[in-house]
Amino acid sequence: MKRYGILNPALSRALARMGHTDAIVICDAGLPIPDGPERIDLSLLPGVPSFQDVLAAIMAELQIERVQIATEFVEHSRKLHDETISRMDAHTEVQGAPIVIERISHEDLKHATRNARAIVRTGECTPFANVILYSGVPF
Amino acid sequence: MKRYGILNPALSRALARMGHTDAIVICDAGLPIPDGPERIDLSLLPGVPSFQDVLAAIMAELQIERVQIATEFVEHSRKLHDETISRMDAHTEVQGAPIVIERISHEDLKHATRNARAIVRTGECTPFANVILYSGVPF
Amino acid sequence: MKRYGILNPALSRALARMGHTDAIVICDAGLPIPDGPERIDLSLLPGVPSFQDVLAAIMAELQIERVQIATEFVEHSRKLHDETISRMDAHTEVQGAPIVIERISHEDLKHATRNARAIVRTGECTPFANVILYSGVPF
Amino acid sequence: MKRYGILNPALSRALARMGHTDAIVICDAGLPIPDGPERIDLSLLPGVPSFQDVLAAIMAELQIERVQIATEFVEHSRKLHDETISRMDAHTEVQGAPIVIERISHEDLKHATRNARAIVRTGECTPFANVILYSGVPF
Amino acid sequence: MKRYGILNPALSRALARMGHTDAIVICDAGLPIPDGPERIDLSLLPGVPSFQDVLAAIMAELQIERVQIATEFVEHSRKLHDETISRMDAHTEVQGAPIVIERISHEDLKHATRNARAIVRTGECTPFANVILYSGVPF
Amino acid sequence: MKRYGILNPALSRALARMGHTDAIVICDAGLPIPDGPERIDLSLLPGVPSFQDVLAAIMAELQIERVQIATEFVEHSRKLHDETISRMDAHTEVQGAPIVIERISHEDLKHATRNARAIVRTGECTPFANVILYSGVPF
Amino acid sequence: MKRYGILNPALSRALARMGHTDAIVICDAGLPIPDGPERIDLSLLPGVPSFQDVLAAIMAELQIERVQIATEFVEHSRKLHDETISRMDAHTEVQGAPIVIERISHEDLKHATRNARAIVRTGECTPFANVILYSGVPF
Amino acid sequence: MKRYGILNPALSRALARMGHTDAIVICDAGLPIPDGPERIDLSLLPGVPSFQDVLAAIMAELQIERVQIATEFVEHSRKLHDETISRMDAHTEVQGAPIVIERISHEDLKHATRNARAIVRTGECTPFANVILYSGVPF
Amino acid sequence: MKRYGILNPALSRALARMGHTDAIVICDAGLPIPDGPERIDLSLLPGVPSFQDVLAAIMAELQIERVQIATEFVEHSRKLHDETISRMDAHTEVQGAPIVIERISHEDLKHATRNARAIVRTGECTPFANVILYSGVPF
Amino acid sequence: MKRYGILNPALSRALARMGHTDAIVICDAGLPIPDGPERIDLSLLPGVPSFQDVLAAIMAELQIERVQIATEFVEHSRKLHDETISRMDAHTEVQGAPIVIERISHEDLKHATRNARAIVRTGECTPFANVILYSGVPF
């Protein structure tokens, strides 16, 4: 088996297919998932796996240029939101390139998920715990 | 979304298809998964999700008649093994019917996975953390 | 096999895929079913299974936020309509959240079925016995 | 829609494909269903639909030459067994040809299901409520 | 095999899927068949099977509410047209509900076939021997 | 459309794929059709289309070297059998090459259908009206 | 195998599917082939098979009502163009019905190929050797 | 389009997939083609394309180590056989490596086609004009 | 195996399918690849295979009429850009026909990739190393 | 896009699916590739990509327990063989676990490839440059 990193075959493949500006969504267990994007459903039970675990796994492999989160996220779930932002900050150092954070309405975010290449569903049951990651390139 | 229980669509479907004596495997991240059974790959990162989380989720819905575990499990990973056995004991009460526990060699267990209906891969990185559950019926 | 709840694999999977605002339709044997939504055809004979049996099964697992029924339903089939409304009332208690009931024309209801994720066909032969359930989230 | 008879599309198609000596299985909710035969899963909830409803629907369209039931059926579930036999007796009149009833062990019956063209799963939760119908021809 | 009625598996399935207002087309051997509707091609040789045989088979199972035929049908092929109308008249008695007959241009009829659920091609070689049947419901 | 000959697309394709010694089966409505060979189901109603119509259509295009029919055919359905033999005799002239006629048991014929490339089901309801045609080459 | 006529299975099937006004394209090796129409690629090497061989084969089976060719065809490849027209003239006699020949620009012809049912690619390497055949009916 | 060489997409792909000892068959229009190998059916009409054209096209791209032909080939169709052998002789020079020619019975050759990776059907109507090419490697 | 030229089966097939004006894209590892065109992903590691290796391979087989590159290419990666242009110049001699080079914005180039027949992803990690090749014909 | 490591989606997925004792083959351009294992064909031109590049990429992610190479490898291509062995030695340090190297005949190696999960084809044109890697687990 692999010696480290993401173990999931579908997620490994999806990340290897990402190009500049392509989007991947990490969502809580309740976000409606439109037809079109590949659905990678990792949800097991409420809370398993967590939003943070999935975010950490993807960040370890992906170059990220831009991020969209809902303004409702910070309003309703400040703790998870703040942890997410901290993670983004730390990631800019790791990847040697900044991440633009865009705050949009939850409605707009749901609309934007239609153009993602993949949507990764977690078991997270925290309101508005959704993020859209737009890929950068490391060269 | 569902109000409780298993959130994963592939796993929900697999459990709803189980009949008397049908087998489902829960395995660590390293077990070789043969062609034939449906592969439900929930693995994310080493340790996520855990063997125990997946086992708990499935037990909450499935009637279990018989279980196969490797003798190597207790020898190499006693803590997780013992927790697993305790969970089985508790489950007999919940389902109102006993569970036969069969101890076989790891080689035989690998061979037996070929006849399972589904194999659920976890991120567990504990040696020999694999179990085959054989379905009973609640009537 | 499963110890309780919905036994049908396709229906179990469809419910596990539902997200916030996603729709699932329960219909009588005569409603035209558009392409697009998944068709889960449980119909056997006129009256089997009944609209109420299918509704009860789905309600037992799904968080419901909003419901659409045709105004023709109450006019032509009051008894089944009233039972349906009663069931909705009872469900608000069970799920700890209100259900908005929207009355629309049968034409509009047929149009709205196109956006559902799944349509479950029953054997019910009562005029206008159709309902669209819009999913909520339990967190 | 159809004016009478079986409403289910998959079951209608399966019956129209039956030739002389082809087998179709009607089973309770717990019978293990092998790969190979088409699975027509009508199960909804425990008891819905009933074994008798499905049997009646199929008998109304199919010419039957031979039937296999488990000896365990009469031993454990005499009431349903006797109703089934009565239905067979009545059917011989309707179709103008006798039905041979073969009693075999439950193990042999499970083995024989592998060669069926289709297996129709009901929600019946009565032990050993399974039957294999072998098609005749009406000419 | 089935004791009576339609023997064709694809046609049996298509009829069992029909809902209120769904359309099925019966056409001669020359009508262009658009992509989209299911194509059930029963044609063998010129004249086999006939338009009338296929129409009779479908009428025996389907509730019909409305019919579209081309005005060119009566002009160019009066004999077959009149037989078709007679059959419709007789059918209203059998099904206990009237059939609305709409006469449209052949061009409009060809356009309307795009929205049918299925198109059944016969071997009929009589000009304009085409009909669109719109399903009713028997309750 | 085609100016003459077989109108059916699946049958046209199947005949164009035939090579030396490949088999195609024409069967009555009741013969069990094994998995493996392509099923071309032209059956509509009892008697439609007839065995003779399908046989005539195929003979008009296929070079035939050998034919298998069941001894039960002549015993139970002499009239149709004799017409079939006459047709074979006439065909030897048309194709300029003899046809070997093999009489085997109905059981052996059913077994031999498993190796056919295609099986064409008619609506014929005459006992044992089945034939296996083995292709020759016209050069 | 077949005693005469078109040997190619895909082409046989495509011709058997043609209805009134349906189009089939015969093209040289360089025409861009849009998605949508079935691609029947018979090309082997430059010049093999020739445009004329494929045209002759299709004309032998198809009723043709209308033909589109590019004005560039006669300008750049007069010899092949004139042979093609001669073949059309001869064909009107064979099929007992006239063929309308439409001359359009190469651009318009390329656009029109999108609506064809099938496109047959030859190995012809003669500029503008493309034709769209619109099917008639022989009754 | 390609500037030279094989124009056929399926054949180009098949040759690019060949490895050491893999077999590709070139056959006349009458050879039975077993399931399993990819069927590349280039046949159009009797004689088109010819065995020699297809053989020349494939030889221009493939390294060949061994060839199987039927002894019946030389006995019944000496002219085409001798041309084929001459072509092989010339090819050894081109590819800088010898070709072993194996003569086997037509029955054995038909059996051996089952293990080929692809079978290319020509329109050749010369008896026993079949050859199996076993790939070498150019390094 | 093949004696020379492109070894990749998917790429061989894609080139053999190209017609006049059809486009194929060669891209660096970071270009977003839209749905629609066939994705031929040859990327292994950063830099493997190189843009130049893939370009050379395709040029050796394809007739090229027109090329689109981004103006950003020359600005950011002049060395690779100039090598690419040199290769184009040399190619005009080889194919005996000129190549029109169009410089467009990177945004327009990304938009234009949607209409390509195939997109070949390399491992190149040089900014803006992307090119769209439009096919000509060699006759 | 990914920040480092393997860029190829199919290869990323294949590695993420590997379990203990599962095999993956890296082969030169000429090895015959059996049906069954997933074919990941990275070959472009002779020599591109190289055996070493592919081996290095896979080793960077995979835990390796055992390796099979042909004795003919060292005999015919000592330089590449020795580099391969050196790479294995270095890898034991990186992964903290030994690698067993098994030398078998080329015939046996070809036979063993049938049981691999995936076969990665390179463009390497060095005789016998093939290796089977058997996966270990890092825990």
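To keep things simple, chains are lettered A, B, C, D, E, F, G, H, I and J as they appear, and every chain counts its residues starting from 1.
What we mean here is this: contacts are C-beta pairs under 8 Å (C-beta built on N, C-alpha and C of every residue); 3 or more make two chains touch, one makes a residue touch a chain.
All values derive from a computational prediction rather than experimental measurement.
A.B. asks: Using the touch definition from the top, list the chains contacting both subunit E and subunit I.
C.D. replies: Joint contacts, listed by label: G.
A.B. asks: What is the set of chains touching both subunit D and subunit J?
C.D. replies: Per touch definition, common to subunit D and subunit J: B.
A.B. asks: So which one's got more C-beta contacts, E-F or A-C?
C.D. replies: Top pair by contacting C-beta pairs is E-F.
A.B. asks: Just curious, how far off is subunit F from subunit B if you go by their C-alpha centres, in Å?
C.D. replies: Their C-alpha centroids are separated by 52 Å.
A.B. asks: Suppose each chain is reduced to the average of its Cα coordinates; what separation in Å results between subunit B and subunit G?
C.D. replies: Computed from C-alpha means, the inter-chain centre distance equals 61 Å.
A.B. asks: Averaging only over C-alpha atoms, locate the centres of subunit A and subunit I and give their separation in whole Å.
C.D. replies: 32
A.B. asks: Among all residues of subunit F, which ones touch two or more of the remaining chains?
C.D. replies: Within subunit F, the residues that touch at least two other chains are 1, 4-11, 17, 19-20, 29-30, 41, 46, 135, 137-138.
A.B. asks: Every touching chain pair, please?
C.D. replies: A-B, A-C, A-I, A-J, B-C, B-D, B-J, C-D, C-E, D-E, D-F, E-F, E-G, F-G, F-H, G-H, G-I, H-I, H-J, I-J
A.B. asks: Where on subunit H is subunit I touching in the complex?
C.D. replies: Those in contact with subunit I are residues 1-20, 61-63, 95, 135-138.
A.B. asks: How about subunit G: which of its residues touch subunit I in the complex?
C.D. replies: By the definition above, subunit G touches subunit I via 29-33, 41, 46, 125-127.
A.B. asks: Which positions of subunit D touch subunit F when the two form their complex?
C.D. replies: 17, 19-22, 135, 137-139
A.B. asks: Going by the contact rule at the top, pick out the subunit J residues touching subunit I in the complex.
C.D. replies: Contact set of subunit J toward subunit I: 1, 4-11, 29-30, 41-46, 48-49, 53-54, 56-57, 123.
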